[in-house]
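Structures are listed in the sections that come next.
Presented sequentially are two complexes of chain A, the first with chain B as partner and the second with chain C.
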Partner chain A sequence: MMDQDACQPTPGAPCPSGENNGRREFLGAAVAAVATALTGCGKLSKEEFLQHNFRELSKEEVLTVIERLEKEYKEKYGKDVKVANTPALPGVMFGYALDLSRCIGCRRCVHACVKENNQSRDPEIQWIRVLEMEKEEGVNLQVAEQYYNPAEVPREGHFYMPVQCQQCKKPPCVKVCPVGATWKEKDGIVVVDYNWCIGCRYCMAACPYGARHFNWGEPNLPSKDVNTDTHYLGNRPRAKGVVEKCTFCVQRTRKGLYTACVEVCPTGSRKFGNLLDKESEIRYVLENKRVFKFKEELNTQPNFFYFYGV
Partner chain B sequence: MTTLRNFSRFVTDTLRMVTTGGPVYYAWVAFLLLLIAFGANAYIGQIHNGLLVTNMRDQVSWGFYIGNFTFLVGVAAAAIMLVIPAYIYDWEPIKEITILGEMLAISALVMCLGFVMVDIGRPDRFWHIMPLVGRLNWPQSMLAWDVLVLNAYLVLNYFVVTYLLYCAYTERHYVKKLVTPLVLLSIPMAVSIHTCTAYLYNGLASRPFWNSAILAPRFLASAFCSGPAILLILLQILRKTTKLSIKDEAIFKIAELMAYTMGFNLFLTAAESFKELYSGTEHMVYFQYLLFGLKGHNTLVPYAWASIIFGAIAFILFLVPKTRTNWVTLNIGCVLIYASVYIEKGMGLIIPGLTPDALGEIYVYTPSVTEISVAAGIFALGFLVFTLMLKAAVPMMLGEFTISRGRKGAQPAKSEGHA
Partner chain C sequence: MTRLLRLSILPWVAACLLAFAATAVTAEEHKKSHAAVAEAPKDLVQVPKPPFSEGIFPCSQCHDPKAMAPNTTRRVLKDMHTDISLHHGPDSRWCLDCHDAYNRDNLHLAGGKLVSFNTSYQLCGQCHGDKLRDWRVGIHGKRTGSWNGAKQYLLCVHCHNPHSPHFKSLKPMPPPARPEAIQIKNGGAK
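Entry: the complex of A and B
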């Protein structure tokens, strides 16, 4: 039933079934009107309201949804935003390694990530949080400082530990989601369907890495800052009231590019690649360096590793 | 056919009854409606601006709403506190007030669902969580379990209350074969709603404060004192204002049971605190934040100790027969228990669970004006539901208002719709 409702006439998008059930349309419109009142903005279309979970949409439905989203973004930002839905590549499992002995805590990764992934600018949502820690203490969260602001980094006696989504093999956030709005893709990336998330924030309580972020208000993304190269499950502009997180720049990495944070890092602390490719740099790091996983005792089994390169 | 006609009479008579009453009743209902309007207004603002108007943030992503939700699940579960002795031990004095416990459960559940609804970021997508229509992540998500059991418990209590009242209204004795199994079923259901809610927190390895095996037992123990504490005060009010006869014996018996559960609750709290503080692992920080403050942040400290001290005093008041059977000390004890559990199972559970956050940051959370206003509206809604149910139920339970009696008196009465 939902499948057919999801393809109710969007101008220019032919409905594959060709049906036009007047009564259902009326009901859908009525419910959508109530729902619009609940969102607090007058923009919720019936199509958006009735859209089903991304994993349950047929290929045609996905295309219809994307067409609708691109139109909405065009109206909102005045730019041609491209929303891709590139699937996971076969034979690929993304892995990440971060060299704690090289990282200087400059936070260029934090800002490159915001720029790439269309996060809200004010308040700014940051998918990467850099922790300043004391060398004497080692990795100890109770003495970690996120709001360090010295004239120059690195500070004497300190080291830096950037934390972002660890793309766990056993993600607790996915397990707890009551509506299945978040899941692990075949290439290991944990994604969110921003159009299905109900904003209960259970995943945020479940994540041991503080990697999930909520749009507490309407995301503030100026048109001039919009990155138009987006992915449905990645950096497309989000709405108020939904959760978001690092996706290993799915819009880039599925095209064979590096993530924005890897590309910008001035010290080469960040290594990224295909864990299934024996020749990859990430495999080299895993095989030749001593790596550890953050909060290993929780058995979340991250595909994100930390190591001491020198 | 007769049943159908009688039932429609039952419904219309009930509606008429809840819309007519004395000046005090009207004033009370009007006051509640005003509070609801006040809360609704705050909620409209929240919908418009997003949850930004609350003081919740990424670090403390659940707050006052979910705290109240958790406390009220306990109140809803407490109905069984009265059902157990009434039906298992066949203890007559309590039996007649069981229905009041069930109505309290219904009102508490209405508030629970209200608090969940106002907490979610996208209430327009509420249908996503409905089984069959949406995509319920069951059995994986404990929240999915909670949605199911809470709604099942609501339906069950609603059915039993309606059925019992309908029987009273039609002057028939209820069918014991139908009611007894349902009431007995409500006992494990009550345990399950509170256990599920405890598991919701309990299952998160990322939050050591919640990730403790005795969380669910602690939930149950505290619920078994907070729910009856509300009922005891209520029963006394009803005794004074209606002809409902509730024996002293029943009230004292409930108070005695509360002494045991409060004692057990304090014991479990002590056991948990001892384990964390004595072993002194890194998991200790959450208890430290709650009981002593951490890095100069001690917002919760006075509340945490107030909760423990209130609980201990109430325990003694209810344990000693002399203070248990003295109306003044009994009522003081009830208020203390209510306050103690409200702190412990509300903010005292949610906030230290999330502070320090997953990366060790301390974000000091206190509810915003919007959160308090919305919460006031939801509490008023719960009280309104309870008031309306009582208004109709009490005369029916007393046999004053049935299909043959009281109706004639009800008909000439002005039936202007005040509600």
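Entry: the complex of A and C
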């Protein structure tokens, strides 16, 4: 309709055939050029710019996208990065429990996560933030310290509370995203389509856990540090200007493995499993231990729980 | 999977803790597991070797009953094993409460039943039954591997030195950068 109007300044005048197509192509190219200039990413290819939201892609389109990404990563890092597209396993809802009576705040998890998930190294983006709190105060964010760095942990009279994405059942970050670039998968993992994210950071403002992180600059990921086992919705290398977050190591957990933070924790404080499996470790925790949800009053309904294992 | 593990190490617990007797254990299973000094379920869960000091095991290298008669008198060791200081209720116990004087390569339970170093959790569980209960289902202590398949577990002694069981302090890894420490260079943060 609009095309018709624009093409016919005087009603009744004939619209020369061919002009329409030519102009569309011109407009398409112009828009792509302008957008490329606006985003400040000269490297943005036409395919990348015209790529749709991941959830709208057909199976063939997904494969094309993955092929393109793998080629780009090969050029950039000189390594064969495998980008998986493993869907959620049926009958699985991931849950996580962290034992506050055992965590000693050694930050092994923080750094194992960075290594596994291809975060920017300098400045380092960390998906897990460990809070040092006073036993006298209990879980009180007003006396929490995240920059603690004593010679040895745990410090007398303190306990430690690692905070990462809580994979909420009602995720406020998903609710506020204006473009639908982040959503909750069937296995409960909240993921981001880094190619669809516009970098508005509404989700970061909405998240009450500080779990989302923004690539203010081009991520500084040296080739030697690239983890080549990646997932489209997980740890594949990101670009400048997108938001990222913990995905319960989707590239590992959808293959049946534990997350990197579970694997590295020296105290065994971290428990992970399928909430729908009655025999799972996570169900045992929920049924037998004193469990709480962080900021429960906000009704975000996390699938991440804290418990006291003693 | 977890259930199988539970069943396989359950027999001896059933003998010690009545609470678990409710889960049916046949007399044959009971006998079998004790005869084999309760072998760990290898096909299900792999146990790393106990963390012995280098060159110390088997103990019978030195503690040969023919060459050295066992001295079962409670005393402070002055010649050997002086590196071990017992911080595990030292007033109430000493070496031979856990180590067996006549079968040096094994430990023994309070009732005299021998247990292998590979299944030393049986010994620990005599006193720390609640911890053992949680350990058996993978809540106390660490599990690695697959959340829906084969897992590896650690023995109590991998994290807790049996002679001084308090979990040792660690040096924390570096804290996050403070926002003011991050500077912008050439369009990217450095």
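The definition used in the following text is that the second predicted complex is superposed on the first by the 279 of 310 C-alpha atoms of A that agree within 3 Å, B and C clash if a C-alpha of one lies under 4 Å from a C-alpha of the other, contacts with A are read in each partner's own complex, and residues count from 1 in each chain.
Everything below uses one rule, namely that a contact is a pair of C-beta atoms (placed from the backbone, for glycine too) under 8 Å apart; a residue touches a chain by one contact, two chains touch by 3 or more.
Every value quoted in this text rests on a predicted model; they were computed, and no experiment measured them.
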Taking the superposition as given, does A:Q146 touch the first partner, chain B, the second, chain C, both, or neither?
both
Examine A:V242 and indicate which partner it touches, taking first as chain B and second as chain C; both and neither are also allowed.
first
One more residue to check, A:K71. First (chain B), second (chain C), both or neither?
neither
Does chain B (first) or chain C (second) touch A:H111, or do both, or does neither?
second
Quick one: is A:I198 in contact with chain B, with chain C, with both, or with neither? Answer first, second, both or neither.
first
When the two structures are overlaid on chain A, which partner does A:K82 contact: first (chain B), second (chain C), both, or neither?
neither
Of the two partner chains, chain B (first) and chain C (second), which one does A:R129 touch, if any: first, second, both, or neither?
both
Output check: A:V179 vs chain B and chain C. Expected answer is one of first, second, both, neither. What do you get?
first
For A:W216, decide between first (touching chain B), second (touching chain C), both and neither.
both
In the superposed view, which residues of chain A touch chain B and also chain C?
40, 129, 146, 216-218, 240
Could you please specify the touching residues of chain B with respect to chain A in the complex?
44, 47-52, 54, 56-59, 61-62, 116, 119-126, 128-129, 133-137, 140-144, 147, 200-201, 203-207, 282, 285, 353-354, 356-361
Which part of chain A faces chain C closely enough to touch in the complex?
40, 99, 104-108, 110-111, 122-124, 126, 129, 146-154, 216-218, 220, 240, 253, 256-258, 262-263, 265-268, 271-274, 277, 279-281, 284-285, 288-289, 309
Chain C residues within the chain A interface of the complex
1-3, 134, 137-149, 154, 159, 167, 169-178, 181-182, 184, 187-190
Please name which positions on chain A make contact with chain B in the complex.
2, 35-36, 38-41, 44, 49, 52-53, 56, 129, 131, 141-144, 146, 163, 172, 175-181, 196-202, 204-210, 212-218, 240-243, 298-299
